[in-house]
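Below, each structure is written out as structure tokens.
One chain, chain A, appears in both complexes that follow, with chain B as partner in the first and chain C in the second.
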Partner chain A sequence: MIISQLGYYSLIFGLLTSIFIFLNSSIQLKKNILVISDKSIGLIGFQFFFVFISFISLIFSFIISDFSNETVYNNSHTTKPLFYKITGTWGNHEGSLLLWLLVLTGVLLGFVFKSRNEPNNYRLLTILFHQITVIGFFIFVLKTSNPFNAIFPVQMEGLGLNPILQDPALGIHPPILYLGYVGTSIIFSAALASMISNYVNKSWAKNIKFWILFSWIFLTGGILLGSIWAYYELGWGGFWFWDPVENVSLMPWLSLTALLHCIVTLEKRELFKKWTIVLCIITFALSMVGTFLVRSGILNSVHTFANDPSRGIYILTFILVLVLLSFVIFVIYENKNFTQKSEIFTLSKETAVLINNWFILYFLSVVLIGTIYPIFLDVILDEQISVGPPFYNKLILPFLIPFVLFMSIGPSMKWIKTNFKFGAKSFFVIIFTLILSFITVYYIGEKNIFILLLFIGFFYLLLKSLDQFREKTKNFAQIFSHTGFSLLLISILLNSFSSREIVKNIQVGESFTLKNEKIIFKKIAIEKEKNYESVVGFFEILDDKNTIINLQPEIRIYNEPEMATSEASIKTTLFKDRFITINIIKDQNFFNVRYQHKPFMIWIWISTLIIMLGGMFAIFRKNKEVNI
Partner chain B sequence: MQFLEKIKKSIFSLIILIFLIISFFVFKFALQKEKIYSPKISENQIFTDFEVVGLIEEKQINFYEVLSGKNFYLINIWSSWCEPCKDESEYLLELKKNTPVMMIGINYKDNKKNALNFLKLYGNPFDQIFIDKQGTISINFGAYGVPETFLINEENKVLKKYIGPLNDEDVYEIKNITNN
Partner chain C sequence: MFMKSKILLTIKILIIFILISFNLKNITMASTFSEEQTINITKNLRCLICQGQTIHESNSDFAESMKKYIKGELQNGKTDEEIFSSLVEKYGQWIVYDPGISRNTLLLWALPLLLFLIGGAIIGKRIFKKI
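Moving on, here comes the complex of A and B:
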């Protein structure tokens, strides 16, 4: 109706503004009028404002259940709770692309404000390059994925939102993830601009570091939320499946992490200039490839909304154009503007950063190959395979040990040259690490030298990071993120080795045991909610101290669209999650019950939050001496 | 030395360029490939034992009886409010004219008046049309939405399943299968 019209025309105006900004900045650059007037800033503001209006109109259409709008009709239903009506806005292809566009124009506005003290030709070029991406996405949305398509006759009722997307963590997962994902676009534009305007130096690094941290924090948060959702909602008790869709969010994260370390080196020592630029380009290219893989329907998953090849081909061509553009610019300006200092490999922080980058790049290639190899194989040899966890474990785990060792000693190195002293303190850390690792390995009962080595590496990193709290010049950003990372690795390892699981088919009244616990199936009840009916199983767990824990797993049968989902019931404690799911066995009184012990689950979430906290420290620390 | 360096660099650039272009085409083919989904042998038998009601003459009949006497059946799920169905109708008409297939339409979540109007406007390619007011019959076929098309043989096996509107290639493929 009128709201959809408003949203649609607002998008058109947004596109026109973008084209105008693009032309305006090209003319300015050509005539060498290097000023960014308030008017130009106003235009960028307007561009954002138009997309914002359009986005709000779509949200509004969802709230009032305007079924004359095709997007709303396909993805909403009057019986949905308000929260899921709103989150349904981005729970579909069209809406999520509108969100893409919103963030894309938003970060440019932020950039213009945050870069007031930078040279204007650099700013203008950044705006110019960013507009190419913006215009590309405007056309993409308007041409192939218009969220305001009208349907006639107006329908009385919508088709509903996919029930497994009806989850609070998933409601906010896309916006957070997108802030990280799309945030990399401004890094890309700025990298190209800095190359042309000969501005790849300390002040550029300082300027763009904010956006790298910004994207990195949100990307971390987005991945965390997605993981939490997978753990609670999918009902398999896992949090990471090496699913292609998860991988495409991990890849930009890895290259952003590498970039984060590079940019600090550039800021301090003016080193790794070319490499930093390459990473900027790779990061954004990976975000785009991620968007392409997820949105085109090439991969089958809950994230795949669209099965329209024309959309995929558009994004694919667009990625190719952007990558080729940056490639050409890089080749032209590579030697022209880069006065590279000689890089000497001594025992120094620079070298540590470089080694860190090599490792991260290796991990990145493993994930990349695991993700796209099946697609290549399918096309070239017509063979379908899927790459699973064993592939990643084999190729990643062994290399984690040297990686964390370098990560442990890197931060205590100095720029230019370090003289290592091996004192009593280092000795105690090592002894303590060994003791902790042996105890842990003994406790989980895995007598395997490889696992012992992994634990030694991870604990060493943890203790070394914690040890830095005692130093005089503390770098909280690094301490927190490294501590968080080591905790994350330790929790994942503990979790994977001491998880226990039992699957039984039982009737009401029966019971079974896992380790020292007795699981009793008390009763079953049917409950009715607004948007679903649920079969609730009541379980009582008696642990070795005879305390009773109640768990109530559900099977939800959603009404629109009709679909059954399994809701796990989880009791979280500091050391262990108890996780139970039930499934109906057709035409029988038996229920399929799956009960799991998931140790240290909560630490996986907490440590990721600590990693993010490190990033926030880095953002809010102003003008102080920065180390990695 | 500098010359060698330059050659090295151009070869490296060339490799990257070739890699990019190959990836582009691989992804492009992957995109076009994914659309046609052929179910595995074990699950490609469709469920036929249910009652359906005709759109034009509102007569009730078991769907099992509909699928008899022909070598191939094309089941097309459509609706008058479905935009792509309008574009698709010319392909369906062509198939009706040029193949020995029995064309069966399933009118998905629609009302009778609009559906009949639609047929009047865009032509009626179907030998028989049944209504699926609630969308449940389409679920029996394992359909995702409208439009969707299934090619079935005399043993009720799904030979091909097309998600989304048919195009030239699909029509060509159907003709090939059914005319041999």
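Moving on, here comes the complex of A and C:
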């Protein structure tokens, strides 16, 4: 079809534009013509435009169900609702890489506009380095993952989209996540450029901070959406399982968080130049490693769209080239352009940032090693092990306590030097923390001293963060994100310790109890939708005050592809979620019913939103001279 | 010298935390058989025929029969450890989500901790350089 042709040739033109921009900026740099004319900005605009046209063509092919296109044929079906036809565009390997490319070219365009007041040699170099990544991905898409492959003869009907991906949260999860993920590419390009152009200073920090915050906010949002989806769609009531694919998004998030704190130090004090650059490189490398792990099919999960070794090898080679390139540049310019100045006083905000980085990088190494160690063990010794939640809990939880304590006092440190006063106020905060923690631990009936310590740490962080609202120069970015983070930890801990669940095999008309609630299985009904049929169970929950809560979990049998999914029914209140799923037991009249109490679930989502809000405060704060 | 002792103290505290966390499981697990104990076990077992699901979450035939088997073993008075080790023997280390400490996994546990100590040393040197 003509649309696919348009999309394909648009990609080719995009690649040609990139090569031209690359050559053009190298020539300019060589001849020392340090201007960025409207023409070159126009070229970058065209590059984005070509990918955009290509992307729109693919979406259009999905909307009209053009089954002469292989990607559409493999991942769509005429009976699907329009929304899922559209989201199906990025619900597969080829389409998601096109989205990747779209964001990749988009952030460069954004960067060129946002950096108008920066030196032109720095901008030119950034464009140059970015083109290397862009060209690499263009070739990757065209060579190994062309979304516009034609199939002949033209098929009448497509194979359909995996039912568990047919979900609103998952529809917007990839674009949001990719904005964060791929946003790190411009940080990488700019870091290399700033090194060569000797521009690693306060103004650079100010300029690149926007992109760090941008990536960080979207990555947080993307992870949040993924967790929410996992919570209600996968049907077991969990939101995080330390699955490799989750880890892969957490790793760049961790290094971005570390980078975020570093860049502020660079902006205020011109410190940690080398380390900031290294973090910029690490962050992008981790995004790429994530792409490699997910796309190569090494990992076993719902995100693995295809199992194609040639793709894996291409990305792996590409990562190596980029890392090697940045390593060489780093070694050459390390001592040339960096003058490390001034000492750090022990009690200062600088120290606090260092400790922050120390812990975050440790958490990062736990996640990284936990994710890739099993792969290496499998390849080298042919032994398969699973690294799951127990590993991460054991290595991360104990370290969280000192981490949150440092995090509590860090913000009240001053730049350069702090004189600590231990006044009555600090004393009250501690007393109040202890009271809160003891009450909580007593309330959830946990006798373990370690759990108590965790609560003390988390509550101390919460109170210290809230306490800052009373200060004269408020830094809302920091207050909100730290408050959000402490609330997140508290909610997760409460949630994991006081979740209750019961699994029963029952027939219609029977009932069972959980704590002081009675769960009655009223009836079942069959409903027919466009793309699935569903068996709906009607349940009534009677609590101790005899209020009735109705829950209607479903089993959906999708037609294309034929597959059954279990849809949870959730009743959310401020303090707990009631969560119910049903499953059919083969050849019997019984249903497998799983009923759960998930306390403080909504607070996990709210606190993550508060963390993001903190990031937004930082973006929109207009260059006012405030501390972090 | 004052600072050195502070570092030592930090390290000591860390070691204590690690020890506590390793003992966590032993403390929290009661010996009487209960629904919760079954859940605790099945949550740490991989459903071998599913994609990244625990036996607890899965409703596959394999998971269902495993759940029955584990309940039976618990009723027979077997401990969690005995059940885990018999399953590992039968299906390999792949089935349990806790990699445990063995010859193969020593580096898995040690590397992050080692990196933490190295990082601490570098930062400590930077902060206390002048003193």
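We take it that the second predicted complex is superposed on the first by the 624 of 628 C-alpha atoms of A that agree within 3 Å, B and C clash if a C-alpha of one lies under 4 Å from a C-alpha of the other, contacts with A are read in each partner's own complex, and residues count from 1 in each chain.
To be clear about the criterion, contacts are C-beta pairs under 8 Å (C-beta built on N, C-alpha and C of every residue); 3 or more make two chains touch, one makes a residue touch a chain.
Not measured: the values here are computed from a predicted model.
Peer 1: If chain A is used to align the two complexes, do chain B and chain C fit next to each other or clash?
Peer 2: fit
Peer 1: Under the stated touch criterion, name the partner, chain B or chain C, that contacts more residues in chain A.
Peer 2: C
Peer 1: If we overlay the two complexes on their shared chain A, which of chain B and chain C does A:Phe292 touch? Say first, second, both or neither.
Peer 2: first
Peer 1: For A:Glu501, select first, second, both or neither according to whether it touches chain B, chain C, the two together, or no partner.
Peer 2: In the superposition, A:Glu501 touches chain C alone.
Peer 1: Identify the partner contact of A:Leu361: answer first if only chain B is touched, second if only chain C is, both if each is, neither if none is.
Peer 2: second
Peer 1: Taking the superposition on A as described, I'd like to know which of chain B and chain C A:Thr346 touches: first, second, both or neither.
Peer 2: In the superposed model, A:Thr346 contacts chain C only, not chain B.
Peer 1: After superposition on the shared chain, which partner residues are touched by A:Val387: those of chain B (first), chain C (second), both, or neither?
Peer 2: second
Peer 1: Looking at the superposed set of three chains, what is the minimum CA distance between chain B and chain C in Å?
Peer 2: So the smallest C-alpha gap separating chain B from chain C comes to 9 Å.
Peer 1: Shared contact residues on chain A for chain B and chain C?
Peer 2: none
Peer 1: List the residues on chain C that touch chain A in their complex, please.
Peer 2: Per the touch definition, chain C meets chain A at residues 3, 10, 13-14, 17-18, 20-22, 24-25, 27-28, 35, 39, 44, 46, 51-54, 56-57, 59, 61, 92-99, 104-105, 107-109, 111-113, 115-116, 119-120, 123, 126-131.
Peer 1: Write out the stretch or stretches of chain A touching chain C in their complex.
Peer 2: 234-236, 238, 241, 243, 300-302, 343-344, 346, 351, 354-355, 358, 361-362, 365-366, 369-370, 373-374, 377, 381, 383-391, 393-395, 397-399, 401-402, 448-450, 501-502, 566, 583, 586, 592
Peer 1: Contact residues on chain A for chain B in the complex?
Peer 2: 149, 151-153, 155, 159, 292, 296-298, 307-309, 312-313, 316-317, 320, 323-324, 327, 331, 372, 375-376, 378-380
Peer 1: Which residues of chain B touch chain A once you look at their complex with the stated criterion?
Peer 2: 13, 16-17, 20-21, 23-24, 26-35, 81, 83, 114, 144-145, 163-164
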